Each structure stands twice: as C-alpha cells, then as structure tokens.
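Letters A, B and C mark the chains in the order given here, with residues in each chain numbered from 1 onward.
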Amino acid sequence: MNTHMNRISKVAYLLAIYLFLYMPILVLIVYSFNDSSFSLLWQGFTFRWYESLMQNTDLQIVALHSLLVGFLAATGATGIGTLAAVSLYRYQFFGKKLIHGLIFILIISPDIVTGISLLILFSTLKMSLGFWTLLLSHITFCIPFVTVTVYSRLTGQDKNLFEAAKDLGATEGTIFRRILIPLLWPAICAGWLLSFTLSMDDVIISFFVTGPEFDILPLKIFSMVRVGIKPEINALCSVMFGLTLVIVLVYQLTLGKNNDAI
Amino acid sequence: MNTNIIELKGVSKYYQDHPVLQDIQLDVKNSEFLSILGPSGCGKTTLLRLISGFETPSNGSILMNGKDVSNLPPHLRHVNTVFQSYALFPHLNVFDNVAFGLRCKHLPKEEIQHRVTEALRMVKLTHLVTRKPHQLSGGQQQRIAIARAVVNQPMVLLLDEPLSSLDYRLRKTMQMELKQLQAQLGITFILVTHDQEEALSTADRVVVMNHGLIEQVGTPREVYEEPRNLHVAQFVGEVNIFKTTVHRADSEFIEVEIEEKQFKLKNTKNFTANQTLYTLLRPEDLEVWGLTEVQDPKNMYSALVQQVIYKGSTVDLILKLKTGTQILTTQFFNEDDEKLDFRPGESVWVYWHTGWEVILADEA
Amino acid sequence: MKHNTRFRTFSTTLVWMWLGIFVLIPSFLLFATSLLVQGDSELVRLQPTLHNYFRLLDLNYLRVFLRSGLLAGTCTLGCLILGYPFSYLLARMPDRYKGFLLLLVIIPFWTSSLIRSYAIVMILKTHGILNSFLIWVGMIKVPMQFLYTQSATLIGLIYTLLPLMILPLYASIEKLDFRLIDAARDLGARKYQIFFRVLLPLTLPGILAGCILVLLPAMTLFYIPDLLGGAKTILIGNIIQNQFLGARDWPMGATISVALTLLMGMVLFVYWRFYHQHRHEYAYEQN
C-alpha cells in the first residue's frame, strides 16, 4: 500500500515538472491557431496567422538572414572547432595551454561579456556593424561547443589507430581526412547542429554586434514582443519550436548511438 | 525452547510472475554459522535480501525470535549486511564509516567512540582510522565493512559473497578470520557464496540451493558425503556418476550392474528391481593401481590414463574405462602407496570399496 | 619533415589566429577599456585610470548588485529545490525510460529562451492565460497584476534555467553507486539521514556545477527582466547593457563586466580546488 502511494507521488512530481517546462510552449502553440486578434479567449481554429506569416516579407527577410548566418556560422565553427579539438588532442604546440584557456574562457563567459568584448573589438577596428561582424561573432561563440563535443569523442578512440596510420606512411593531413573525419563524423554533425541552434537562438551577443541593416529573427521577435502581443509572433514561435524539435531529434539520432554528450 | 533465531515459513518470491524463490522452509539456529551455497541465479542473494528486509516475500512469512518481521523495513530489524562490493561511503573516513549506524541512532559520543574502537580492534585495523576507503587495500576494505556491520551488535550478520573479489591467499585467510570472529562474537552468521570450498570450511551447516529451491540442508560432512540429489553431489565437490541398473533387489541387498561389472550393494533406500539408479563415487574414493602392482584384479576396472594433473599434495587422473566412460580420481601421497607416477596412455586398474558409494534414484 | 607537419601547422595556425583575434584581443581590449574613462565627444578618453573600479564601490551600484545577486541567488535556489528531486527520480527510472525522459528535458533546453520567455509573458499578462483561467474558475473577479513584477522575472528565470540545473544534477546522481544507499538503510538510517549523510555529500559536485551554471546567466540574461520585470527589476546584465547603449559609458560597462568575470573566475577556482581534492570520492571505482 505504502509503496503504491509512493510510486504515484513520484510520478506526479515528475509530471508536474514536465508540465511546468512544456505548458507555456504548448499554450503558445495552441494560441497560434486561435482565431482572435486581441483577446486570449478561444475564438475558433484558424491558420490565418500562419498565412499572414507567409506573406510578411519583412519577417521572411529577417528569417532568411538568421538562417544564412546560422548555416555559415555553424559550418565555420564546426570547421575551426574540429581543427581545434584535433590539434589539442594530438599535437603539442606553442601556447597550447593558452588555447585551452581561451576556449574555457569562451565557454564560461556570460554572453553579455562576450558580446561587449567583440563590440569593443569591432569598434576599435572601425568596422561597421552588420552581417560580417555578426557572422564572425557567431562563429566565435560556437567554436567551444564544437570543440568540446568533438574532443570528448576523440578521447574514446584507440590511440593505436594513429600510430598504425603513421607506420603505413600517412601524413597528418591524410590522417585527418581519411581517419579522423569519418571517425568523428557523428560528433562533427552533432556539433554543427548545436552551433546552428545556438546561432539561431542567440539574442544577447547579436544584440551588441549587429547593425540596423542586418536584422535577425531573435532580435526581431524581441522588439515585436516589447511592443505587444501579436498572434503572428505565436505562429512564428511555434514554427521555430517545431524546427528545434526536428533538430533535437536529428541530434539525438546522430549522437544517440554513442550516447553521453549533450 | 525455541533456539531458532530466524524461521522462514513457505517463503516465495516472484518478480513479474517469474519465480525466484519457491516455498522456502528454513530454520536458522541461534549462534550458528550458516552458509547458503549455490550457483549464480539460484536465489541465494534474494533470500538474503528477504532476511535483511530489502525485499518482502510474495508468499509466506519470516520470523525473527518468533516475531513476524516479513514487512518490517531494514532499519527496524536487528540484522546487518556486509555487501559484496563493501559499499563503504567514499566521502567518510574509516572511523565515520564504522560509526555511521551508531550515529543514525543518535548514540552518545563516548559510546560511539568506545564501540567503534572495539570493532576496529576486532578486525585489527585501529591504525587506519583516519584513512578514506580509496586509500585502503581490498582486504582492508573488507574488514572495515565487517566492522561497520558488527559494531551495531546485530542479532544476525548477513554476508553476501564478501570474499569473492579477493585473491586466493587473502580469501583463505579471511575465511578463517570470519570463523574466528563468529566464535568470538557468538552471533549468527549467514554467508552466501558460490564457492563450495568456502562454504564447507567455514559453516556449521550448509544450505544448498538451486533454481529457487533448497536442495539440501546439513553439516558440511552430510552435504558432501551424503548428497541428497545429483545437483548437490555435483555442485559440492567433484563426483563420478555411474548409471546403474538393478537386476535383483531385496530388503537388504541389491544386485547391480555398473559399467559392465556386477556388484552386490547394501539396499539403503529400498530400491526395487529394474530401477535405474545412479552410483556416485568421489574421486578420492577410487584407488588406482599400476598393472604390475595387482595380482588379482577380479573386482577392478581396467582403464587407460588420459591425463595426469599434478596438484602438489594430490595427483588427479582422468581415466577412460573400457566402456568409454571417463572418470576422475584423486590420489594422495602416502607412504603405503608410493607409486603415483602414472603416465598418459598407461593401463591401470581402478578399485573402489563397496560401501563408500552413494546411490541416488533417477530424478525423472 | 616539413612535408609531414604541413597540416599540423595549418591547423594550429588557423586556430591560434582565430582565437587570438576574436577571444584574446577582445579580452585585452575589454580590460583596457575598463581602465579608461568616458570621453565627451569621443567614446573614450585615452587616459588609463582605475577610476571606474572605485565607482563600483558607490552605494548605488552596490545596492543594485546586491539586489541582482539576491534575485539570481533566489533563482538558483528555486532551480535547485525543484530540480534535485526531479533529477533524482529521473536517475532512478528504469533504463528503458531514461533516454526518452532525458530527451524531454533537452528539448526545452534547446528551445530559444526568448521564445520561452515570451510564452511566460503570454501567460502572465493582464489579459493573459493565467488571469483568464483564474477568472473562469471564479477564484478572482478582476485580473491580477502578474507581469512587470519581480516575481514574474523570478519565474521567468527559473523557467528558463531549470534544465541547466537538471542536466548536471542528473549526471552526478546517475553516477552514484546506489548500493551505498542500501548500505545506509541496512545500518539503520532514516530517509532524511540518508539524504543528508550520503546523498547530498556525494552529489555535491553536481549541485555545485548546476548552481554555477544557473547563477551566472541568472545575473546576465537581461532580456528576461526586460520582458517580464519592468523598470524596478534589474540584473547586472541590464546595467551593463544600459551602460553600453543608454549611457554610452563603455568603460563603466567594461569595468562591471571585468569585475563579474573575476568574481566568476574565483568561484570556479574554488570549485575546481574542491573537486580536485576530493576527486577520489567521486571516482566510483567499483571492486
């Protein structure tokens, strides 16, 4: 009897927390179908906010900006991050400890500190804020996430593989291309997905380093929300949530087979 | 006067319709060293957990000193367990580990100090009080685990394969120490093991288990020399099993055929004619003689030596009888029979004393 | 052999250059800026001084820091209290459910926190979901003011950061040898004794990691108070943002950032020292 009650309360608690985490988003999605402009009372089911979204060219441009930066930043960060992970794992080089430290600083720095540091940099270099400053910043803050993901997969590999390859006459470049990349592919993909998501969702760093000509989605949403609630925002957020869902599932499937890294 | 400290009456345990223990009847005597012996999966650990209170029986009841404790949680029973993995708290030092149970009961500081020191003295590790578990060797961790359990003065101490991760020599030493400790403390020990040598050398009584059932309960001698069924015979020590046909039987004797030889044996279990039986002979019950040593091999088997296993104090031989059956014999060095120098391929005579055998019925 | 090291040189040079330009130099510049002072016509006056650091000790600043710290601290505590039982129950689930349940935690974790904060706004608004619901059930007659309060910010912060607390907690609890809990029960420990004497000490790394991961964002996620908190609720992040965009006092903003980073560095150092000293206890070498 006692353990039965125990079981129920445990499940109830888990459920409650899950509800807490998901309720707001689910409410958001539900109301994106609400046929009412102002009131939050249910007026009927409709797709019109989604339709309006499709026709909102402003939003489309902004979304495209975000996607573009997302893709490029993810790819750039994955490239550099993978090289960093491999270099740190395999090579000894000047200032190796410093590189370790820099990556560590990137990870633990709050977004705002990273953001203003980069702002100061761009300002000193007299670069105008826009696409390029944004892209460079996004690549930078995504790098450590790729590095950590790839590095942890590297540590699980058999060191003898590289010895064997060297013994057979392979250069470092060959080892990288033909051994490391295939071996690390799941981690590389996972890193890419992670970077893409972080780039798409970033608010704080983008806030400081982008200019008025190049607006991106999170900032657009931010300014829209400050003005007031519009059902189109609900639709937009629902779409973005859907995208996140897909990405997480793909991520789990890629990395899922060798579990640990989150 | 009830001298049974624990009684299990008709205890069964099911995990999702799968029976792990079936209708267990067991009486544990006060102050005895009991060993529960069996292969992996036989249910012995489950039995231990039922006694300690980590599981509740699906059927039946468990009594301690006459009181039904079947549903009593662990901390209310006067039973403590030494876990197979020791389960020492890594964040506490030796003293705090041993004192843990006493502190939970909120005993006064002086008493805790006194009892912990006593317990550590009993396991001869008073000099390691400030060490942490990861700084101790396997054997030392073992002893601390014992001290931690014993310091609570339980009525019964349960040991779940405590020596399985120690090396051979250490295990032998610890077995003797456990025996001495039990005699010193005077409390009941229940040791679960899959090592039959361990069970035989430490226990006052052995419970042999298989597939959730108790096969036999008895002293080490009873279990070894008079196994009740094939499982017990095979699990406890080595044994040669011969299929036996009964040609004639009366109340006193049975005339049987074993490996194409006829014998007249005592009918100890009322066997009848035409019954199929098994005759069991331990390796040490068989005598091996060289061809030249025997004048009259009338009742002996002719055999071929296949393998010689020199073990220092004994020589084991794997022999093949004319009928094709393989048997195992053990010869001890002694002055009367100096020839222990057999070679593979050699022909020998095998002899056994009638009356030394154990006969079991066929468990169809 | 030159041939052999070509890739290696390329790789390390690229990484060095990128991190050097975009991490090392900006860090220096940040620190350098904190030593400067706001200029009149220009952005900064090129005169190094420690003036800004002294300004930090101003009572006004200190009061805001304290309040922000308190808010962040409350958020961290809230996440811990909610998250610990959750992580524990999750870690005790049978393996076949664990993966899926963990996934359900990761999804909100990956969802843009802006979207999630916006969802909270929707719920807490004056004509929002919560009020509509309460009126509908008859608990209140007039909509209550939930938004633009400190509580709203707190809820928003906890809501956003809870997964960040759950994940390291879960990792730490999952690694625990649960036979230790059996041993404690066997020795007579009650539930609360097991928690305080065994569970808590052994999952301390996870707890500390979670708190650090939550505390920092709780002080710097300025858009949450922006959306939910109104004028009175400010985080240190808001102050920094303000300095840069509003007051255009970059040096001051830089100073606060440097101070924050130093503080964080100290906390991390303490954590690292603690973990390093006691690493054997968390090594879980089974025998």
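FYI, a residue touches a chain if its C-beta (ideal position, glycine included) is under 8 Å from a C-beta of that chain, and two chains touch if they have at least 3 such contacts.
Quick caveat, the model's predicted, so the values are computed rather than measured.
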Chain contact graph, described as a line, ring, star, complete graph or other shape: line
Comparison of A-C and B-C by number of C-beta pairs in contact, larger one: A-C
For subunit A paired with subunit B, centre-to-centre distance based on mean C-alpha positions, whole Å: 60
Centre-of-Cα separation between subunit C and subunit A, whole angstrom: 17
Centroid distance [mean C-alpha coordinates] between subunit C and subunit B, Å: 57
Residue ranges of subunit A touching subunit C (in the complex, touch as defined): 10, 13-14, 17-18, 20-25, 27-28, 31, 39-41, 80, 83-84, 86-87, 91, 93, 95, 98-99, 102-103, 105-106, 108-113, 116-121, 123-124, 136-137, 139-140, 143, 171-173, 176, 197, 200-201, 203-204, 207-208, 218, 221-222, 225-226, 229, 233-234, 237, 240-241, 244-245, 247-248, 252, 256, 262
For the subunit B and subunit C complex, residues of the former touching the latter: 52, 54, 73-75, 79-81, 83, 85-91, 100-101, 103-105, 132, 134-135, 138, 141, 148-149, 152, 165
Subunit C residues within the subunit B interface of the complex: 177, 179-180, 182-190, 193, 197-198, 201-202, 278, 280-287
Sites on subunit C touched by subunit A in the complex: 3-8, 11-12, 14-16, 18-19, 21-27, 29-30, 33, 43, 82, 85-86, 89-90, 99, 101, 103-108, 110-116, 118-123, 125, 127-129, 132, 159, 162-163, 167, 216-217, 219-223, 226-227, 237, 240-241, 244, 250, 253-254, 257, 260-261, 264, 268
